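The following pair of complexes shares a single chain, chain A, combined with chain B in the former and chain C in the latter.
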Partner chain A sequence: MLRWLSFVVPGESDVHVEKNIFLGSAVKIELSCRLADKHSHMKILQVTWKKGNETIKHINKTEISWGIQLTVSENRKLGSYTCTVTGEKEFSVVFHLQVPQIAGREKPVVSYKGDSAILICESRSYTPIAWTWYMTNGSEQIAINDSLMLDKYVIDKADANVTHLKILKLTEEDGGTYWCEAAFELGKSKGKLKLKILSLMVPLKPFLAIVAEVVILITLIFVFELYSKKKEKRAEDEKEFDQIEQLKSEESNGVESNSARHRKV
Partner chain B sequence: AFMAGVSPSPRWGWAVVGGAFLQAGLVFGGLRALGLCLGALGGSFGAQAGAVAWVGSAAIASLQLGGPLGSALSTRYGARPVVMAGGFLAGMGFLLGAFATRLSHLYLSVGLLAGLGWALVFTPSLGAVSRYFPTRRAMATGLAMAGASVVGLALGPLIPLLLDAYGWRGSLLLLAALSFNLMVAGALLRPLDVPIESPRPPPPRGQAGLRGLLHHGPFLRYALAFVLVDAGYYVPHVHGPARAQEVGCDEQRAGLVMAVTAVADGVGRVVAGLLAARPTASLLRHLFAWSVLTGLALLLLPLGTSFGGLTALALAYGFCAGAIVPLQFTGVAEVVGAGRLLHAIGLMQMFESVGSLLGIPQCSLSGWLRDLTGDFKVSFLAAGAFLLAGSLLILTLPSFFRTSQSDGSSIEGVLDPVPKGLELSSVPLSPPN
Partner chain C sequence: MQQQGGERKEGKPEPPAVMGDGSQGTDRGWAWAAVLHFFLVNVFVMGMLKTFGIFFVAFQEDVGGSSEQVSWIGSIMSSLRFLGAPLVAVVCRRIGERPTSILGAGLVSGGCLLSTQATSVPFLCVSMGLLLGMGFCCLYQAAAVMTAKRCRTRLAFSNAIARSGMGLTFLTAPFTQLLIDTYGWQGTLLIFSGIMLNLVPSSMLLRPVRTQLPPCPKASHEDRSSAPKGEAGALAGHLEEATNGAAQPRSAQDLPSTEAPAEPCSTAAVTTAAPGKAPTASSCPETINEVVKSCRSLPVLKEEKSQPLIDFSPLKDPLFFIFTWSFLFSHLAYFVPIFHLVARARTLGISSMDASYFISVAGITETSSQLLSGWIADQNWTKKYHYHAAYLVLCGVTNLLCPLATTFPLLMTYAVTFAIFCGGFLALVLPVLVDLVGVQKLHSYLGFASFFAGIAAVGGPPLAGWLYDSTQTYACSFLFAGACALLSPVSFFLEPLAQRWKLQKVHVPMQSEAILQGSTGRTGFGCSQTSTSADLQCQSKNC
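Moving on, here comes the complex of A and B:
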């Protein structure tokens, strides 16, 4: 039992109107175009519906819109359908019927040699029939068969809307571009992902640089502290020395007077 | 008797503030950086977002629960060795985490170990700052805590760059190296000398000090006030970007709102500290004022329905929220006396962990309210209510209406009534055993 979808798009002059319609499975669909309100009084000379160069003959006409009905049951029926309205001015509206797009990832997934990485693709709004993973080797795309290489690749098929590709024991050759392909009733769609493999040496260099900086700063702080302590100790020693000298001279004065007294007595 | 040791010059106090600034940056910045790495991390282990988020929560819990440990150890051994040890542990936590092969490894390494290291760094550092600036604690603490804002702001764009270049393992490795700089911060916390002749009674031993606080009514109310404050305080930080997008801002503008809030937060910390630095200022009254203002800002936040309006209100919130920070840690001296400041901070951290664990994204009240009502308005109103409730508790403290000096010298059992002008030479360090 096919579903019915209906789309009406108003045409505007000076603006190229396009609409993307993603179809996950076979549907019966009605596409119609009408004039935007401000042009509704324009005299219409001709309305044409085309797919590519092919003109579509059966147009459902209402007072304000012109539509076509399609049974989209196979890949051939997908494509761009254009409605052209000619009067004083010419308007056109384009419908792009296509399979759902799979979003990949712009930024590469970064992982390390010997580690494992997980690449994820999902198609939440439309459920695919099957997922296939491809790896690019040079210019070729090679399908990944996880049952053949159980200790290297694991594909998680638990959820039909999501696919996980887990790659174990990474080596440098595992880096590159991967594709996850979703198969829908009406066709296939691919998402692109990139995997970057690094060796541990790469972050190790800045790590060691920063650790060296830490050691140097700590050493400087302690050296500075010892130095300033020594300086202060020397200053205090000098003060003490002066004080002792002062006491000594006072004492010797006192002794003299004592001995003087003694002598006197 | 003449002390054969050397008293550091008063200028060294600024180096201590610098060290504390650095540590605040690396502790809270490190926490933030960890949070930013969690996404990439989870993807690599194929784990659910909720399970991965517990790594961050483990770190926060460890940091706060370890508060009393940090204060007890630094009372016994001095701040410097404890902070340096803590910095080493924090770095090791990240280092071990970089080599984790399972999520559970991360809970233990980056979660518990790094969090414990941070606990040994944070409280003792504030204690050291406090000792070097006994009459201008709020100012010095505000300057130090501003480090968290500065580093937090810098990390925002930096971490994604690191993740793109090195992945999460490399990023954790580099965060480990950065965390080792906590040892540099610790090295700056030069111990102060103890003057031999001390006319005051010996200070309470570490344990007795901590245990005594647990029976101290006003202190418990103060700590409870901050558990309430915490319940509301973090709502804008956690849900800010989502709220910004709720009112129509795109990702970039949402990021801008958060950045503006962070800057205002940093400025608020410094300004509040400066305002409270006057000797006649009552820290508790300042604290009350700022927390009421923060509560009001939260209540008004739902009114920000455009980019400009939201930014303006977020700025006000950020400024007031930042102002609370230095006053929280120095105001407690007016409640328990300056001698027990260190232990009080440690214990408060432990109590606050309760609030943090309740406020974590996985089971937060604000998230639940949002799901219930459809948008964040009620969440912010609830947050504001918590702030105001906490403020009211502060009002009930006995020291609030008593005119006292900002160093808490009129309250019980104080060890260092500080005559002005003799800032350094009469500040005692609780003598190590």
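Moving on, here comes the complex of A and C:
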């Protein structure tokens, strides 16, 4: 299916302007470059549209804008198209026509031995035709065929825009770099993912260290409590003894004064 | 009878003296330990709740499930923290604060450990949502009540110090992210469970307020039916009588500081405590209450067993409704602007980098304002709920003026002002409740109040979202928050009325009791009539 896409980029002197255009499928596209307003009365000597070394015939859209029309239907047509305007000053604009980029993950996905890991690649704005997963073995990239290892790799194809690679029964060798490749009409694009496999001991060590610290604290507090309870009990026993002594002496003298005070109240 | 009176006369002053020199220092130490534990609880609980968003992404990728399903985990976790409070209050009353707190820490740890094995979202809902939520609730309730029990004079300031732990949670987000990058979410949960386990030794610091005193066993004879009760040592006896008379005839006693018959005694305690701020002063109310509590320990235990499992009495108390009304609306007023401040800033064209400054500045301001407000309230220049109401009104006015703030400096001013007043009233929530209902019944009241606040917390964000959807502007949420904040202190105007109503309800039985037992020389009304002697006793013996 062919669609029209038109881009206009104002060029500025001495500034190299670039624009990335991602094409998910074949299109008819028009690229044009236009002089910025402040240079609109610059005397134009020459305008060139090039792809690499190849010059492309352009059309003069207006006095100060020039464009080219392309039918991008195959991979060959993708690339960088440059518009160069030479006058008193020279400026250029570059259009990069490319397939959509797949974003992988910069931070590695962390998983554990014996567990399973899920690697996800998605391309929301442009729907690819097919997804392929590659595993890096040394310096080679090996495609992961679903039929190859059925019980180890499960590729989820529910949604065309997203792909899940589920790796079961992880071992140390499963760690490394994985590539998810999306095939578009005009070409292929890869995204990079990293998988890191840890053994259970790795987080267990800090955990056990913390648990040891907790146990030490609990023991300390426990011992302190026992010690202070013993101290209290001793102090209480002494006080009781003193009180009993006092009461015995008080009984004989102080009774009447106490009850008198009470009755007044 | 007179001999017993004599004994008790000599016996009673002794325990305060024992408290006075030997263990009063350690009592204050245990109060600080309770504050430290509460602080740690705030750090860990709020930290965990706030970093859930980081786990959210990891869960969605690894465990699967839609965004809505995964967000249920977070909702269950944060709502159970409030909604589980009545149940936790029952547990606390049965087995005490320390075991409950240890149980809570165990639940949280266990929940984190169990979640490392999670393979599906419902599993996580139970292991992370339910277990963690209930654990947080246990921890929170036990810590709050223990702080209230231990820190009598400086409750507001201690509460503010403990709450400042929430301010440290901004560190937990980058820390969690680092852990997830290094160990993956399972390893992170494992390490978190270890970190939460640290709450077990800190819970052991929540020593039960002492109830063992030598003369106490003799005091066990003091039932309502027996005469010698009146001859209890003058000080403790008066307080005891006052509270027994003022409270309902058969239920567990509390010591509300605003009930009229008890006022002379408790103000005596407070006046001796407030001026001077000598080390002895701070333990004065503690020791008095401990003496009272200790000598009532056996009768109280007997009565506790006859209490129903869930104490619904808060629901019959007008003071409870006053407090809950205010609590509910103030929670709504607090949560909604927090959610929408950054969004509003972005709609006004402020970049999200600048908008995040609002959050950090507001956080720091709120923490310092909490400390200041707690300190001011503890000076006792006026009743705490007056401050509370004042902060709420000012907060409401600030919120109502927020829609006028349309530039970065104005919004920053709004954020700072809002944080100041919010910090002010947040620090006073617990002290106001303690002032209204006393410490004995704090568990049930706090439990039910948290339950209703939980309903507000659960309903608040969706309500705010609905407000935005229907009005298409964030200004409305601020107006709504302002209205809530203005509505909430309204109930405090009814407080004097409610107190009078409550007094009349118990005054009648008290009067009839006094008539019946007037001949035996009981000092049922003794407190109000002999306030001076109580004062003197208090000042001379304890302070």
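General remarks:
The definition used in the following text is that the second predicted complex is superposed on the first by the 230 of 265 C-alpha atoms of A that agree within 3 Å, B and C clash if a C-alpha of one lies under 4 Å from a C-alpha of the other, contacts with A are read in each partner's own complex, and residues count from 1 in each chain.
We take it that a residue touches a chain if its C-beta (ideal position, glycine included) is under 8 Å from a C-beta of that chain, and two chains touch if they have at least 3 such contacts.
In this text the structure is predicted, and so the values were computed from the model without any measurement.
Legend: residue contacts after superposition of the two complexes on their common chain; A:248 is shown touching neither chain B nor chain C.
In the superposition on chain A, A:239 makes contact with chain C only, while chain B stays out of contact range. In the superposed model, A:229 makes contact with chain B only, not with chain C. Of the two partner chains, chain B and chain C are each touched by A:118. Looking at the shared chain after the overlay, A:38 reaches neither chain B nor chain C. More chain A residues lie in contact with C than with the other chain of the pair chain B and chain C. When the shared chain is aligned, chain B comes close enough to touch A:166, but chain C does not.
Touching of chain A by both chain B and chain C, each in its own complex, is seen for residues 107, 109-112, 115, 117-118, 120, 198, 202-204, 206-207, 210-211, 213-214, 217-218, 221-222, 225, 228, 232, 236. The residues of chain B lying in touch with chain A in their complex are 6, 43-44, 46, 163-167, 169-171, 173-174, 176-178, 180-181, 183-184, 187-188, 190.
Those residues of chain A whose C-beta lies close enough to touch chain B in the complex are 107-112, 115-118, 120, 156, 164, 166, 196, 198, 202-204, 206-207, 209-211, 213-214, 217-218, 221-222, 225, 228-229, 232-233, 236.
Taken in their complex, chain A has these residues touching chain C: 107, 109-112, 115, 117-118, 120, 198, 202-204, 206-208, 210-211, 213-214, 217-218, 220-222, 225, 228, 232, 235-236, 239-240, 243, 246-247, 250-251, 254-255, 258-259, 261-263, 265.
Of all the residues in chain C, the ones that touch chain A in their complex are 2-3, 5-7, 9-11, 14, 18, 22-23, 26, 61-62, 180-184, 186-188, 190-191, 193-195, 197-198, 200-201, 204-205, 207, 212, 214-215, 230-231, 234, 521, 523, 526, 529-530, 533.
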